[in-house]
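Okay, got some structures for you below.
One chain, subunit A, appears in both complexes that follow, with subunit B as partner in the first and subunit C in the second.
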Partner chain A sequence: MGTWLALVASLNGLAAGAFLLGAFGLLATRQMLGCVRFFRLQSLALVASIFLIAIGMRVPDLIAVALLDLAIKPLLIPWLLRRYVREELFRRREIDQLLNIPTSLVIGLTLTLTAYFLAGVLPPAAGAMGNINVPIGLAGLLLGAYTLAVRREAVPQLIGIFAIENGSLFAGIAIAPRLPLVAEMAFPFDMLIIALVIGILTRITHERVGTTRVGALATLREGAPK
Partner chain B sequence: MTLFVILALPLIAAIVSALPLGRKLAPSATLLAAVASVCLVGRAALTVAAGHRVVAVPDWVELDGLGALILLLVAVVGTTAALFSWGYIAREENSRHLRQYYANYNLFVFSMLAVPMLVEPALVWTAVELTTIFAIYLVAFDNTPEAVEAAWKYSILTIMGGAMALLGFIVLFHAMRFGNEPFTWAGLVKLAPKVSPEVLESAFLLILIGFGAKVGLVPLHTWLPDAHSQAPSPICALLSGVKTTVVLYVILRFVPILNASGRINVDRWAIIVGLISVGIAAFLILQVTDYKRLFAFSTVEHMGIILVAAGLGGAAAHYGAVYQILNHSLTKSFCFFAAGTTLLAVDTRQIADLRGLIRTSPIAGVALLFGGIAIAGAPPLAVFLSEFSIFRSGIAGQHYIAIGLLAIFIIVAFFGILHHLNSMVFGEPMPQATPMTPVHLPLSSVLTLILAGAPIVILGLYMPSFLHRILQTAAQGLAG
Partner chain C sequence: MGRSIAFNLLQILFVVALAPLASGVLARLKEVVQSRRGPSIFQPYRDLRKLFNKDEIVSDQASWIFRFTPYVAFVAPIFVTTLIPVLTNYPLFFAFMGDMLGAGFILALSGFFATLAAIDTANPYGPMGASRTRMVGFLAEPVFMIVFFTVSFIAGSTIPYIVQEHWITLPEFFAPSHVLLVIAFVMLILAEGGRIPVDNPSGHFELAMIDESKSLEYSGLGMALMKWGGQMKLFVLMCVLLNVLVTPWGLAAGKTTGDLLFAAPFVLFKISIFILVLVVIESSLSKLRLFRVSEFLGAAFVTSVVAMITGLLKF
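== the complex of A and B ==
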């Protein structure tokens, strides 16, 4: 039994590594399609971790949560985005970032280190195998927020939000694995509605403003010319 | 059971609104559902104020004092805004857009009604997210590039806040390990003394940052003036009047929990964050160029005032906080109805383009003047009384620095609002701003102005005893 648990725990460590890799990938890729792929990778790592924690800590409810997350995050959300956001936007490279990618990676590294220290403020994980989830989830949250801040395109910004949510869940699952099932079921559905609504909003933005470079949206401010 | 009916009404209205059966069906259904829900909510609030419990599902869907006040405000502003929409949205020629507007309107009201009656924090998070999502379409309704831009900024910043707050709610659930209580607001208050303080404090800070973005607390307020100026006016009334309050209510739920813990100084956080918002907003009010943005910044200011009042501590300050919540919702929704009427009359949002409104359109001019004076906090209107009660409780509690700063900021905002109003309402009308034909304001707009304006005057002179009881129960909820 001991070796079995050790195996599950080390697999969870692998999932955490993949999760962090996904977060850095979101930061580093210039292709919009690449953004979606790294988001998929990150979500799959999240699903794997939920599944492993369900086994390791014996919380059968979490298996249902993992299945629902599997259906919604890596599959349904990218499909919805493909459906609502024009194809040509997906083929594009993003050239307009606030900071260049090497600088972003260095900042990302600093954020990850910060997350390790900040994790001490949060309550510890419910079981020893989840210990790694708290700092990695927090790093995912910070990296997602940073991605959101430096990206200037609609789709990467939206994925930045999902990355923040992924980070919250990745840490949260380990801290409170026995959250009521109804609530845990509500989270992914919420994300689904967000993807739908913002996908449509992206299309409208493209139609009305002629670009999805949302960084260029700056007509509303104090003292703006009429 | 009553609570389920209250939730079902806007859902039914949303479905009926979506049916393509004539242009009058959607507004009538919406108004009917809103009026019915005001009656039911009023009855439920009175039951709560009388000391009884209104429970639909124990530990999940319940109504307590604080929730009852917020529920009542959502229902009331939901009704006046539905009435105002009648004439305001009728300009929209495309019937499909009209139906979409009302369907989304009802869903938005539904989600706002759900927040105060849910007592399980994780579900509250979901409901708050829904209020954000359902409002996106409504903000972008005018479909101009500016409206789309406002909707984009609004959705990105507030949904990001929601994703951060999610971690806070999960951390909060961790507190359940310290004892055997249900995961509800009341259960958390009982449990708080046993929970280690870092759990509660880290949860609170994550939620303060995350939901602070939705409330429009500085520095995450930048989306608020955009969204609240570009959305159609009835939606602005809902967003500024109750949506921000509904989210602030969730943050205020932490005041009794953290106070019960006894080892965390939540009051300090509330006062500092609140004062920063009031101060920045007061000085931004001075330089606005758009009168809807003027009222939007005033919302940021008032959210700060409420937070400061909640942080001052003590029964009198808590009463001041809930009193301010009530007066702000009623007055701010009126301000946006007045701004909407002005927009119908002169078709410009720019303060500089507006002169002598009182001659071009007396109704809009008087309404705008009255709304501005009321929200700035001039006596003897409602906001003045609640702000005064906050000052008094703060001085009694010896918070001299906080109250001194608060008073300075409120006075700056007061003169800022009056300065802009003076230049818009009085003076000689500009020749190009005068319409060729006299403006015909929709009857529903005038009716809304009377209905929404009456409580502001009445509450300034006299506090009905039933409302006083509701406020008292709400203030007790803040004390824990």
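== the complex of A and C ==
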């Protein structure tokens, strides 16, 4: 029994590692499609971690949360984005970025270390198994916020928002695994609506202005759409 | 003690004899995956025999470094072989002469000489490839350091025979620090071995070469030794990865020659699986532009730091 729990704990740690790598991927990839792929990886790691915590800490509610997240984050949201955002945006190979990629990676590492030290100040996780989730989730949150700040394109920024949510959920399930199911269910649906709204907004902006680069959208324009 | 030395020699023989075969299998499999026929898996042996029988031409402008380098390149992987577990999981006679860091230094020495030799003859392509190799090398250096830090944090040692014992239980095997460490190290092998996302080993276009251009000036015996040394370096790196960092399973635990011979097929099996992984990587990725190499190694660095952080978290 002891080794079984240890195995679940170390698989949970592995999911945490994959989660963090996914966050770094979101930060560093140059391609739009790569961004979506790393978001998928990150969400799958999140689902795996929720599932493992459900097993390790015997919280059956979390299995429902895991299934819901599995349906929405890695599957439904990328599908929605593909459906509502114009295809040519996804073919872009180079996304605008305020800072170059090696600099971003170094800043990301600093943020991760900050999260590591911040987690020591925060109250400890509910179970010993989730100890790794708090700092890694915090790091995911900070990296998502950094992605949001540094990217200058609508879809990667949107994915940055999702990364923030992923990070907070990753830390949250470890701090409070026994939240009522209704409260847990609210977040994924919220994300779904955000994806839908911003997806449509991006599509319309692209149709009217011809670009979704946020940096280029600095001036107001008048007149009817072409 | 006599047996320990004999086993050490047997390990060296294993590496020296089978390194060209591993390269041959790698080249053949790659061609097969890309739906071509490809050379026989024994082609590297034939190449070596041909080169050993050929005359050697050395520029009269070249200094002793140029003549000396092939021997260093050939001997360095052999020295590393004495330090690492190739067939046995218990330390042999020379095992405590140096740790993994020492092995890294020995390989760096041969790289240093190869760089000097490439500059030595003033062939325009040699120094270009040499400076690129240095660039890749210094970008890979921080990853090496963090990987070794992590290993010494987690396993409490950098002696390969002690490190490998640490991963043997299942929870330790799936520990995030271990898996991420392995990923970072594979990326390092790709960069240091001049494999595809960083450098194309089968490319013949001098302007795009990184690793290969350092041996352009060599012929005959020198070329044979450089080639063989390169193949052994890859083989030794694969042994470090597979026997120390990934799976310590399947190594000989017993002290008889039979145990050793029985372990050999297991090790070859592990190596062929890794070769399959390499083939998949090399066939599905394209070579990066030179200035993107820093991003590839940046990703390796991030992976290794994540490994260290998750290792330090001690959950």
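FYI, the second predicted complex is superposed on the first by the 218 of 226 C-alpha atoms of A that agree within 3 Å, B and C clash if a C-alpha of one lies under 4 Å from a C-alpha of the other, contacts with A are read in each partner's own complex, and residues count from 1 in each chain.
Basically, contacts are C-beta pairs under 8 Å (C-beta built on N, C-alpha and C of every residue); 3 or more make two chains touch, one makes a residue touch a chain.
Nothing here was measured: the structure is a model prediction, and the numbers come from that model.
**Q** Mind checking subunit B and subunit C on superposed subunit A, clash or fit?
**A** Aligned on subunit A, subunit C fits beside subunit B.
**Q** Which partner does A:201 reach: the first (subunit B), the second (subunit C), both, or neither?
**A** first
**Q** In the overlaid three-chain picture, which partner chain does A:112 touch, first (subunit B) or second (subunit C), both, or neither?
**A** In the superposed model, A:112 contacts subunit C only, not subunit B.
**Q** Touching A:16 in the superposition: subunit B (first), subunit C (second), both, neither?
**A** Touch partner of A:16: subunit C, not subunit B.
**Q** Which touches a greater number of subunit A residues, subunit B or subunit C?
**A** Of subunit B and subunit C, B contacts more residues of subunit A.
**Q** Quick one: angle from subunit B through subunit A to subunit C, Cα centres, nearest 10°?
**A** An angle of 160 degrees, rounded.
**Q** Could you grab the smallest C-alpha gap between subunit B and subunit C in the overlay, to the nearest Å?
**A** It is 20 Å, taken between the nearest C-alpha atoms.
**Q** Spell out the residues on subunit B that touch subunit A in their complex, using ranges where they run on.
**A** 120, 122-123, 125-126, 129-130, 133, 136-137, 140, 143-146, 148-153, 155-156, 159-160, 163-164, 166-167, 170-171, 173-174, 176-177, 183, 196, 198-199, 202, 225-226, 229-230, 284, 287-289, 293, 350
**Q** For a test of understanding, state which residues of subunit C touch subunit A in their complex under the given definition.
**A** 169-172, 174-177, 179-180, 294-295, 298-299, 301-303, 305-307, 309-310, 312-313, 315
**Q** Which residues of subunit A touch subunit C in the complex?
**A** 3, 6-7, 9-14, 16-17, 20-21, 24, 28, 101-102, 105, 108-109, 112-113, 116, 128-129, 131-132, 135-136
**Q** Under the touch definition given earlier, write down the residues of subunit A that touch subunit B in their complex.
**A** Residues 121-123, 126, 137-138, 141, 144-145, 148, 154, 157-158, 160-162, 164-165, 167-169, 171-173, 175-176, 178-180, 182-184, 186-187, 190, 193-194, 197-198, 201, 204-205, 208-209, 214, 217, 219-220, 222-224, 226.
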